[in-house]
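Shown next, in structure tokens, is the structure this report addresses.
We just call them A, B, C, D, E and F in the order they show up, numbering each chain from 1.
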Amino acid sequence: MTLTHLNQKGEASMVDVTDKDITDRSARAQSAVAMSADAFAQLQAGNNKKGDVLATARIAGIQAAKKTADLIPLCHPLALTKVQVDFELDEANRTVNISSFCRLAGRTGVEMEALTAASVAALTIYDMCKAVDPAMVIGPTKLQEKIGGKRGHWTPENTETDT
Amino acid sequence: MTLTHLNQKGEASMVDVTDKDITDRSARAQSAVAMSADAFAQLQAGNNKKGDVLATARIAGIQAAKKTADLIPLCHPLALTKVQVDFELDEANRTVNISSFCRLAGRTGVEMEALTAASVAALTIYDMCKAVDPAMVIGPTKLQEKIGGKRGHWTPENTETDT
Amino acid sequence: MTLTHLNQKGEASMVDVTDKDITDRSARAQSAVAMSADAFAQLQAGNNKKGDVLATARIAGIQAAKKTADLIPLCHPLALTKVQVDFELDEANRTVNISSFCRLAGRTGVEMEALTAASVAALTIYDMCKAVDPAMVIGPTKLQEKIGGKRGHWTPENTETDT
Amino acid sequence: MTLTHLNQKGEASMVDVTDKDITDRSARAQSAVAMSADAFAQLQAGNNKKGDVLATARIAGIQAAKKTADLIPLCHPLALTKVQVDFELDEANRTVNISSFCRLAGRTGVEMEALTAASVAALTIYDMCKAVDPAMVIGPTKLQEKIGGKRGHWTPENTETDT
Amino acid sequence: MTLTHLNQKGEASMVDVTDKDITDRSARAQSAVAMSADAFAQLQAGNNKKGDVLATARIAGIQAAKKTADLIPLCHPLALTKVQVDFELDEANRTVNISSFCRLAGRTGVEMEALTAASVAALTIYDMCKAVDPAMVIGPTKLQEKIGGKRGHWTPENTETDT
Amino acid sequence: MTLTHLNQKGEASMVDVTDKDITDRSARAQSAVAMSADAFAQLQAGNNKKGDVLATARIAGIQAAKKTADLIPLCHPLALTKVQVDFELDEANRTVNISSFCRLAGRTGVEMEALTAASVAALTIYDMCKAVDPAMVIGPTKLQEKIGGKRGHWTPENTETDT
């Protein structure tokens, strides 16, 4: 494999997907925000009531998935048919785990959309909790699963790409 | 400290900064993309010639800093006066280290802008190298330094917030 | 019927329309701006000449229809194939009546696009006339007709939803 | 008063505010969404738990205030220092009342930002409840109060503009 | 002079304007669209009535000026205080002449905003007339005048930059 | 032919393309930036090393193609499947020649996308070199070729439209 987003002269180039089939494609990505005990306690308390931290981060992630082609220069504009962002509070590690899911009937994969949704949801949690703890750490952010397209069903465990 | 982005009912609220002074504020953030030996070698080869991977990621990061208020729901729109994105190739760890810097004469800090720039630069590197290695890992993404505003000079080491 | 934009936990969720058929869908919406005699007279005088109030509001409404998925968090991005915004001056009531029409061959309806076009056209009329009358009233804004999708041909009179 | 957004030839023109003073300006606007008993009951039930309808509409309204200059052609881009969106459930009238507040230290008023926030919050409530009741009615949308600038303190009752 | 938008390594860099004074800055730019006799006659006929070609192009140009920092990667976001777009029909040359004007009290010049306004107004005229004449030619697009900042009053005739 | 973007009353109108076939469509456009000897020499020197002027302009052009429907009021939103921007340094004329190419399987042509990409790439070159030469001239910007749709294969030489 080579870097498909560069032409033979090394210049940035949007891949031509005009002739690819329209198929069902989906992707899952994950990110996380690790924080101090104090920040985690406040976020958790809010979530048990009606506190809007995770509701806001969920909306931010969904909106960001729709902006992917505007953020990532060589991404194709895609008419996403499903975006979902979920959170899980890991108390032992004072961490919010984020998972995102995007789906499309289209000509190219939606992994960048899923990664962008997870990343912006994480940034939003950071923004809303930073008054309590500016030292929060975001990541690891990575692809969990990709279905559709020439790789078929990809997961980090099920790949022959990385040698 | 409490979560300043929620009101007393737990609802999302943009902080009122109207009465804060206009002062010189800046922030540095970092992120990273760890990849396979094959992907790293191709990125490195491209960078030695004229390959546009890092040039594209740099532009994406700078543009994203300017979109922060559009991405992060409770961020104030800011007229950034400086955005910079730098890369360092860490061959031993097959990792691209990303650092971002934002500056502003304004009423509120620019740490979200710096974190957004670093995050989107990382996503762009992922996008441009994913054909070779979809299992790349982004992060840790975190704030390195913040100058100006009520905390003065903040670094992860120089903070009394996290207990 | 239930609120389709919430999952079982009450969390915001973009409906998955991947498996819906691509069909011809359209929607009409209306809004209105009621104003003082003075403001209405000036708007009317301008319209008889070449005054750009309604031309500007028409463009703003058309552009807004294209931004619907960016404005309304759970709307799907849609490749609209037709947007139209029309105005009627109701002299007796010193009111500008606005009607909008959107059309699409797609997997989901375009009523939000039509409502957004009408709303933003109304806001633009308000903006351009507010120096004369800041007390103008916008609305009622509502859906007039929807064709395509599982409800078939919907009008406010022809519905069994509202009990 | 005349229509300030048209020049002498009747052409659209952005008012020149370069020489106006930077002062503290704020505005409040209102809108409303009236719906069927069924839709109102579901929205109310969700709000008592953790249902995200109003949280989503609040975020949409705040984000829309920041997009005002992109939506309304002759609005100046403004660095808003505060945006707030509140809801009140009026059970007797099966109506969600929306109020918005925007503030700025700047050269021009923020009434369009407040009106845009209220309008887009209303459209978002419509979107999230339309599966239950597509016949909901949005409005009246209007300015409630404006402070700062040449009119001083304006309210609908305290105006000599409308003759 | 050197290329200020590259650092010493030749990498793209947004100039740091934090420490520059806030002064009154303005710029004028021009563009033009030359077309066939048929297209020009139709545009002219429309303009004499109420045809919206030039009204639409004017709005597009004004809106584009506000989007400059989103379009041109190293431009700073600016809170423009005035944007104006004017047209002149040159019958002898079957050409629409476009002139734009932008103004700002700020830390950096507005020539890119004026050039962007003129360019997008030209593209909009092309779009609206292309059914009649796809061979229209846009340009020359250039800066006419710039006031404020370190060059003082710049015009193409009054410059010592170009050697 | 008549101006298809105006209705019979002369009002702006987005053409209804719902019933047009989805076919393979592409377009090529060109623009150019002529500059002083000094500016051209610096740009050329940078290009031989790793200077990011053309890399930045390329990204700006690609991103702008994706924003066309947001910039040009009556353009339909399109899911472009390919965008390419190329540069050629014409030393004799101290000019950067720009060519752009867009492709789509869709219901309407992509000439506006190609023209927008070329225009914004030109504006970006202007921005990055203006410190050395503010008197640069952009243009001529024009369509070079269009394939697909009712005109079939159009080039400036192969047209019967312009009489």
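Note that a contact is a pair of C-beta atoms (placed from the backbone, for glycine too) under 8 Å apart; a residue touches a chain by one contact, two chains touch by 3 or more.
Note that the structure is predicted; figures quoted are calculated from it, not measured.
The minimum number of touch steps separating subunit C from subunit F is 1. Under half of the residue numbers at the subunit A-subunit F interface are used by both copies of the sequence.
For C-F, the equivalent interface among the listed pairs B-F, E-F or D-E is D-E, as over half of the contact pairs agree by residue number. When chain centres are defined as mean Cα coordinates, F lies farthest from subunit D.
Annotation: 32 Å between the Cα-based centres of subunit C and subunit E. Chain centres here are Cα averages; for subunit C and subunit D they lie 16 Å apart. In subunit D, the residues touching two or more other chains are 11-12, 50, 52, 55-56, 58-60, 63, 67, 70, 73-74, 77-79. Because contacts link the chains in a way that matches no line, ring, star or complete pattern, their graph is best described as other. A list of each chain pair in contact follows: A-B, A-C, A-D, A-F, B-D, B-E, B-F, C-D, C-E, C-F, D-E, E-F.
Every residue of subunit B that touches subunit F in the complex is listed here, in rising order: 50, 52, 55-56, 58-60, 63. Of all residues in subunit E, those touching subunit D in their complex are 24, 55, 58-59, 62-63, 66-67, 77-84, 86, 103-105.
For subunit D in complex with subunit E, the residues that touch the partner chain are 11-18, 69-70, 73-74, 76-79, 106-107. Within the complex formed with subunit F, the subunit E residues making contact are 1-6, 9-12, 31, 36-39, 42-43, 46, 49-53, 55-56, 59-60, 63-64, 67, 70-75, 111-112, 115-116, 119-120, 122-124, 126-143, 146, 151, 154, 156, 159, 161-163.
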